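See the structures that follow.
Here chain A shows up in two complexes: once beside chain B, once beside chain C.
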Partner chain A sequence: MSDAILSAHNLVKHFHAGGWGAARKVVRAVDDVSFEVAEGETLGVVGESGCGKSTTARLLTHLLAPNSGEVRYRGRVAGTEVPLKTFRRHVQMVFQDSYASLNPRMTMLDAVAFGPTVHGIDRAEARRRAGALLERVGLDPARFGPRYPHEISGGQRQRVNIARALAFDPDVIVLDEAVSALDKSVEAQVLNLLTELRRERNLTYIFISHDLNVVRHISDRVMVMYLGEVVEIGPTRTIYDRPRHPYTGALLAAMPSLDPDRRTLEAPLQGDPPNPIDPPSGCRFHTRCAQAHGPCPLHAPGSIAVGHRHIAACHLNAVPEAAT
Partner chain B sequence: MAVAQTDFDTLATADKPQGYWRGVGRRFLRDKVAVAAACVAGGMILMAVFAPWVAPQDPFQGTMIRRLSPIGSEGYPLGADELGRDMLSRLIYGARLSLFMGVTPVLIAFLIGSAIGIAAGYAGGWVNSIIMRVLDVFYAFPSVLLAIAISGALGAGILNGLLSLTVVFIPPIARVAESVTTSVRKLEYIEAAVASGASAFTIVRVHVLGNVLGPIFVYATSLISVSMILAAGLSFLGLGVSPPNPEWGLMLNTLRNAIYVQPWLAALPGVMIFLTSISFNMLSDGLRSAMDIKQ
Partner chain C sequence: MTAPLVEVSDLTVTFAGTPPVHAVNGVSFTLGQGEVLGILGESGSGKSVTLKTLLRLLPARRTQIGGSVRVSGQDVLALEGRALADHRGGVVSMIFQDPGLALDPVYTIGHQIAETVMRHEGLGRRDAMARALDMLDLVRIPSAKRRLSNYPHEMSGGMRQRAMIALALACKPKLLLADEPTTALDATVQIQILLLLRDLQREMGMGVIFVTHDIGVAVEVSDKLAVMYAGRFVETGTVADIIRDARHPYSQGLLAANLVGAEPGTLLQAIPGAPPALHAPPVGCAFAPRCALARPACAADPVALWQSREDRWARCLAAAEADTADATADPSP
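Then we have the complex of A and B:
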């Protein structure tokens, strides 16, 4: 699609997990992941722990180099067609751990001002802009500017991290569990801030979270990942109302409900995800899938279009050969 | 009253941002043991610098009749050594060479070792493995043996002694630097800095150095006492400082025969080494806890 601002093309990232030669073992953290994000939209990414969400985030921002595949920014390959330094100004990231993502020896003002100075803006100007950005994210620059990370709260730190990302004047911000570690009330404030900023600056978000309620609230489209693969991607409402992949269905069924008549009595998914060092054959989900049948352990389903911009990787959606 | 005053101060400063080093200074001053250690270490340094003014007698001038005078003899408050030289003056002058031999190799090794360790830790992967395995070769030798071997190969003399001690201290300091840098390297603020598009050099200068030099420095100060003792050992073997120069390690060794006649006198240089090394160690302990930001 031509209007994609950021797209992933067959990204693969394997981590070496010990052993050499024939005994070499790799963790297939991200395996052949492709998707695209349109300008101004928010793509939510959900999945269990260890499904490759964070690795995908780091591949998208080029903090990790993929083993194969490429990331394109406005259709041009990052790292070759777009120099990394330029790419990084346009695609920024906010991390989960608000404390670890700030240098403990740097004041908040300097932390926000650091990025622009790297891109040739002089220090005084960068600090002036940093002050304005702190103000924008709801922190009084006179009071919070000279502070150190340990002197402020988690919510305030995450606002600083957002201001730091904004300092580059980026188009895309990858938010890797950016609100997951915050208290519910603070989380809501930060989410509202993110929504306002998106409207104000026409930002594109890639919002990674394990919290399905938050993802539903903020995303235009949702991507579901399982064991390093994309299992389903589609518009938020469609995904939540009519999931076409059994894994998405199980994830949604696991969402806590406030209605006592609809309480979850049985865990929809049994056990832990299989080991990504040695993923199951065929469809990777077949070992835990209630609807697994004939072709599932044999071959991978591949991406099947099941509706408008809605793709699910499941054999259940395959059109029977006889009917066509 | 004093308590009320303190509370008031805490309240007044609670809402005021403070510089990192001011906080370190404040926490350090609160640590009585560390302050005492700093005073002793500072006193030793002052004593060494102003030795000619402080020492009551010439440390090289001996009187045979005064040989091994006990502590408290008239005109010789700490007695006289085996050649009848004033013990007090020799101990004061001895601080010069002993501290020099203790501090200089550690300081040079701190600069070189930090550079190697930070480079290895930040680069990671293969570069790290190669650098660290090469340094491991030095680890195969006990430090005393390594110092003696290098000194022996280069020949006697203070400069060669310094050089050999420096070589001995580079691997441990580099190893600490590497481990601290590796742990900092994994933190998200370094990733954020990488995501800003900054060069590796800028990231190390702005984000890594400030967070790793403290712990490395603290470790290095703890090596000062080891360095003093190793230097004393080299002097004993005739590889470091040579007589008649006053140096605590050398004095301890030349007085070892007097241990049956004047045990207290013979122990004096050891007491000085002990005092200095323990105060440097406690100083580094105090620094470490003062630099712990989460207090």
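Then we have the complex of A and C:
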């Protein structure tokens, strides 16, 4: 589709996990992942630990180089057709650990102003803009500008990280569990800030989280990952109301009900997610899937369109002709 | 009527230091046999400290504890030496957020469970190992016999948490303390552990105090809920009371922040500001600086109480006034 602002094409990232020669072990962190994000849209990415959502985020922002595949920004390949320096001005990232992602020896104002000065903006001008950005994210620049990361709270630090990401006036922000470490009351404040900023600046978010409630609240579309693969991607409401992949269904059923009269009675899945070092054959979910049948352990289902902009990688969705 | 399992009254915990930290500021509650109390609060609200006091796990030199804590009639704060060791693991035991840290990395799971059983019940090693195997079966660890000789690092996160539950329950405690036991787990594993805890609680009839920041988790396991803020309970009631009819503005804000009934894409009713630093015990309502309904009278101490039953109350002036206003406007028939 032509209006995609950022797209991933067959991204693959394997990590070497010890052993050499025949005993070489490889973590298949991201295996053939493709998707696209339209301008102004928020794509939620959900999945359990080890499903590759953070690796995907790092590949998207080119903090990691893929083994194969490419990331395109407005249709042009990042790293070659768009130089990385330009690419990073447009695509920024906010991480989960607000403390680790700030330089402990830099004040908040310097942290926000640093990127633009590296990109050639006059220092005084960069600091003036940084002050305005701190103000925008709800931190008084006179009070918080001269402080160091250890002097402010987690919620305030995450606001600084958001201000820093905004310093380049980017189009896309990748938020990797950006609100997960915050307390609920602070998390709500930061979510509100993100919602407002998105409206003001027509931002595109890729919002990675394990919290399905938050993802439902903020996303237009949702992508579900399992063991390095995309299992389902589609409009938020459709995914939550009528998931077409059994794993998505299980994730949703595992959410606490918040209704004391209708508590969850049965766990939708047994056991832990398998190790991505040696993922199951065929459909990687077949070992935990209640509906696994003939073809599941044998071959991967591939992406099957099940509705408008809705794809689910599950044999149950295969049309009967294709199965014969 | 039998005596309650846990009676905590006017508990205060202060950590020495410059400045000191007043972590718990007057917590009182009772818990009956076989009841499950969920304590809901954010980081720094004093929920874990309250829990650790019940096991006397806080560093004795730096901690001043006031008030009284009784578990099945025993004065916990007076326990010393062997009696304290008998209390820990025998009467009350605890499971933690990170089983990777709570289990000993250099002993097998079977050894750790057997050690506890041998200490508390005086069984021999063979019998204790048999009990360990029973416990692993009880927490539904597949191929339990093989797992008995596993070290913690050889197990997955969900399996380790099951092993820790087995360890905690090995001596059939009357009270289980759970400190965010599912926070570090994946969603599909979390629900398995919650259901397991609920089943075991029912089977063994023990009391459980379950501390969490996640309302959804609290609703799944608890009978009663207490919302904690700045070292105090601000509201208590049954789970349904709190979820459907929260009276304290902080509880209401927490529910909104958990996106209960929120319209996607809209702004949330977020609580402004941040929790207070507890360098001095709060005077009046500690939530007043963040509260939309705050007024000068909120600084009065003690804070007015709204109460409908013995264990259904909210410590909020606005809630108390709203209730009396209703009562005068609509005299009961």
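Observations
The rule is simple: the second predicted complex is superposed on the first by the 321 of 324 C-alpha atoms of A that agree within 3 Å, B and C clash if a C-alpha of one lies under 4 Å from a C-alpha of the other, contacts with A are read in each partner's own complex, and residues count from 1 in each chain.
By our rule, a residue touches a chain if its C-beta (ideal position, glycine included) is under 8 Å from a C-beta of that chain, and two chains touch if they have at least 3 such contacts.
Since the structure is predicted, the reported quantities are computational estimates derived from the model, not experimental observations.
When the two complexes are overlaid on chain A, chain B and chain C sit side by side with no clash.
In the superposition on chain A, contact is made by A:Ser153 with chain C only, not with chain B. Residue contacts after overlaying the shared chain place A:Ser49 against chain C, while chain B stays out of touching range.
By the touch criterion stated above, A:Lys85 is placed in contact with chain B alone, chain C being left untouched.
By the touch criterion defined above, A:Gln291 lies against neither chain B nor chain C after alignment on the C-alpha atoms of chain A.
Of the two partner chains, chain C is the only one touched by A:Ala250; chain B is not. More residues of chain A lie in touch with C than with the remaining chain of the pair chain B and chain C.
After overlaying the two complexes on the shared chain, residue contacts for A:Ala188 are found with chain C alone; chain B is out of touch.
Once chain A of one complex is fitted onto chain A of the other, the partner contacts of A:Ser281 are absent, as it touches neither chain B nor chain C. When the two complexes are overlaid on their common chain A, residue A:Ser68 makes contact with neither chain B nor chain C. The least CA distance from chain B to chain C in the superposed model is 9 Å. Shared contact residues on chain A (touching chain B in one structure, chain C in the other): none found.
For chain B in complex with chain A, the touching residues are 17-18, 20, 187-189, 191-198, 202, 206-207, 210-211, 293-294. Within the complex formed with chain B, the residues of chain A that make contact are 58, 61, 63, 84-86, 88-89, 92-93, 95-97, 100-107, 114-115, 118-119, 146-148, 150-151, 161, 164, 168. Put simply, chain C touches chain A in their complex at residues 42-43, 142, 156-159, 186-192, 194-195, 213-217, 219-220, 238-240, 243, 253-254, 256-260, 262, 264-272, 274-275.
By the touch criterion stated above, chain A contacts chain C in their complex at residues 48-49, 153, 155-156, 183-189, 191-192, 195-196, 210, 212-214, 216-218, 236, 250-251, 254-261, 263-273.
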